[in-house]
Amino acid sequence: VEIGRGFYSRGWAFGTSGNFSVVVNPNPLRLAITATGIDKGSLAPQHILEINDTGRVLRGTGKPSNETLIHLAIVKLLGAGAVLHIHSVWSTLLSQAYASAGGVVLEGHEMLKGLAGVRSHDHREWLPIVKNSQDMSQLAAVVTRVLQENPGVHGILLQEHGLYTWGSTLADTKRHIEIFEFLMEVRVRSLPIERHEQSVQAL
Amino acid sequence: VEIGRGFYSRGWAFGTSGNFSVVVNPNPLRLAITATGIDKGSLAPQHILEINDTGRVLRGTGKPSNETLIHLAIVKLLGAGAVLHIHSVWSTLLSQAYASAGGVVLEGHEMLKGLAGVRSHDHREWLPIVKNSQDMSQLAAVVTRVLQENPGVHGILLQEHGLYTWGSTLADTKRHIEIFEFLMEVRVRSLPIERHEQSVQAL
Amino acid sequence: VEIGRGFYSRGWAFGTSGNFSVVVNPNPLRLAITATGIDKGSLAPQHILEINDTGRVLRGTGKPSNETLIHLAIVKLLGAGAVLHIHSVWSTLLSQAYASAGGVVLEGHEMLKGLAGVRSHDHREWLPIVKNSQDMSQLAAVVTRVLQENPGVHGILLQEHGLYTWGSTLADTKRHIEIFEFLMEVRVRSLPIERHEQSVQAL
Amino acid sequence: VEIGRGFYSRGWAFGTSGNFSVVVNPNPLRLAITATGIDKGSLAPQHILEINDTGRVLRGTGKPSNETLIHLAIVKLLGAGAVLHIHSVWSTLLSQAYASAGGVVLEGHEMLKGLAGVRSHDHREWLPIVKNSQDMSQLAAVVTRVLQENPGVHGILLQEHGLYTWGSTLADTKRHIEIFEFLMEVRVRSLPIERHEQSVQAL
């Protein structure tokens, strides 16, 4: 709840967008996940539901997030302890700018060390970009395939939709969101500066 | 009051700009609307007036918003339950950039699903842009005509003025504000990136 | 104090920059003004001094703002009830971009109606830009001359320094700060968009 | 703690980045420094450790910041009373844009007067840029050498990493952070505007 309100306050979860989950029990899988259609600026404990590994609600009232299948796919494939998904301006712009490349490289930044297991700024992080869809089974399958083909990535962008990231704990995952937001903002803001540098060099 | 203070805090209602209304009773129409000239950072319950369908004040002291006729026009034509109007930087920039086109297309974004009735990112939202005027009767008539000619739109931009949006409830309308703000910021920030992409492709 | 903290929170008064004054008594002139060197994020009542028309401290301990002479010049020439001065990013960028022109025109915006006496968006506001100086007597004299030569302006930019604005009351002057900040941000952000539009038209 | 939370709130210390130190006793040197891996949004007194001049923990539990050697190098060489280090978007962009020049000149701004000992906007501040490294002994040695070669500078950028600044007191150092953030944002945002001006002049 606190994390969700914080993201809303930063403009990362406008208009009921964004959804958040935490593994309550790994086996059998019990996942706490935000209900659908909630204004994250007034997120409260009663908006968090508990579901099983098929998405059935075990505790709480309401319908779990539309994107529950993606959360479950990530948790099952990667053994993640939490999954956070936001709709931010920078993730959207980045996913547009690099859509045709199928992803974007983030490299050379000290901030990369905030991603679990990364020990140096001299790291090359591939952030895959997946075409958006309203067919959640199909989208969850594509996400699974992309994660299988790109072992070790820390996040995935849905095109003109938003960022998914995960981690062992909720705190790790919140940190990943902040790291990616930073790196994505820098990458997008770098585009016109790179052009400036190229112009200066061309003189 | 809470929504108004939140918008002010985000810089969407600087300098007493912005005005907000909610239908209290549909028939006979009773509309709660912000008084004119109020600093939205210190908006309080006594700054909300109740008016009838001609704009006459029934409860509260003060003069209703200068733009009352536009609120009434939208409520009457569309049966909206609330109307929110803000002056944001992104709406202003967008209305300048696309003024000659008479509107701007917002499409392909997951965030479009935050607009009432939109079920897919694969939606093409037309956001009409209307020339600004100080003649409120004339402006209200133009807004009415543009809404009649563009059934199904969720908002309208007054050029170099700001955004109007509406909804069944106040919560829906607040969500529409956030959705449009997000989409407008993305659209404006995309302009130089699109040029960058075009340059890269031209190489 | 509340206004100062609000401006700090928006990043308009970083690093002890910014100074604020209010006329306590017009004749003989008694001006309440912020002391120099105060972090505006922790501005408190004891940081406000009362001075006379020559800048001598009548109440409170500390040294009044370095720019006291400019505040006094504006109050004396225009009969203002309050003067607010901030160092914002947008004012700095605008003062750089239009330095050679000696000022910048702000026009066509609904937000201009937030400036005292302006009744329509169809208004042409001239915002003079003055070269910065550390000689406060000389700078106050230049400000006085520019205000005499440009009757009716609502603010003045010191180049690569910041914005001065004033009003009948403190509330009016705070509103002017917000209006100018909005208009300056829009103007600076418009520069690359205008180039984009020109490029599109040139195709 | 208050400063750290404030920086986090401004987005200057995302994802456990940033580290902060204050001299508790100059001789023998006792330095209070943030522990490594702390979310600055929930920074609390127990996250501050006391270390000696070799980095050994004297009080508190946890491991001091990875960048302790850089803090110690700055304190020892310059006799600083505090050292603050943040990872901000603008510092990252600036360090990329001017990496090949080994630093960037910040000049002409009134805000420069917020740097200790600077009396006029007519000041030329050299902000050195140092290549990032994970070898902290080597990086501390490079920082020491660059500071020796550039007497009088108030800060240093680690490339694609962040800003270090220092001061006699914690308040002075916080002010330096704000001053540099302002100047760096202005410098980065000026790049496309300068190009615009050049284009206009070329017409």
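In order of appearance the chains are A, B, C and D, and numbering begins at 1 in each one.
Here is the rule we use: contacts are C-beta pairs under 8 Å (C-beta built on N, C-alpha and C of every residue); 3 or more make two chains touch, one makes a residue touch a chain.
The structure presented is a predicted model; accordingly, all values stated were derived computationally and were not measured.
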item: Chain B against chain A, contact positions shared by both copies (same if over half, else different); value: different
item: Angle (degrees, nearest 5) of the CA superposition of chain C onto chain D; value: 90
item: Centre distance in Å when chain A and chain D are each reduced to the mean of their C-alpha atoms; value: 30
item: Distance from chain C to chain A - Cα centre to Cα centre, in angstrom; value: 42
item: Chain A, residues touching no fewer than two other chains; value: 192
item: Chain contact graph, described as a line, ring, star, complete graph or other shape; value: ring
item: Interfacial residue positions of chain C with respect to chain B in the complex; value: 6, 10, 108-111, 114, 119-122, 171, 174-176, 178-179, 181-182, 185-186, 189-190, 192-193, 196-197, 199
item: Touch list for chain D against partner chain A, complex; value: 11, 14-17, 39, 41, 87, 89, 92-93, 96-97, 132, 134, 158, 160-162, 188, 191-192, 195
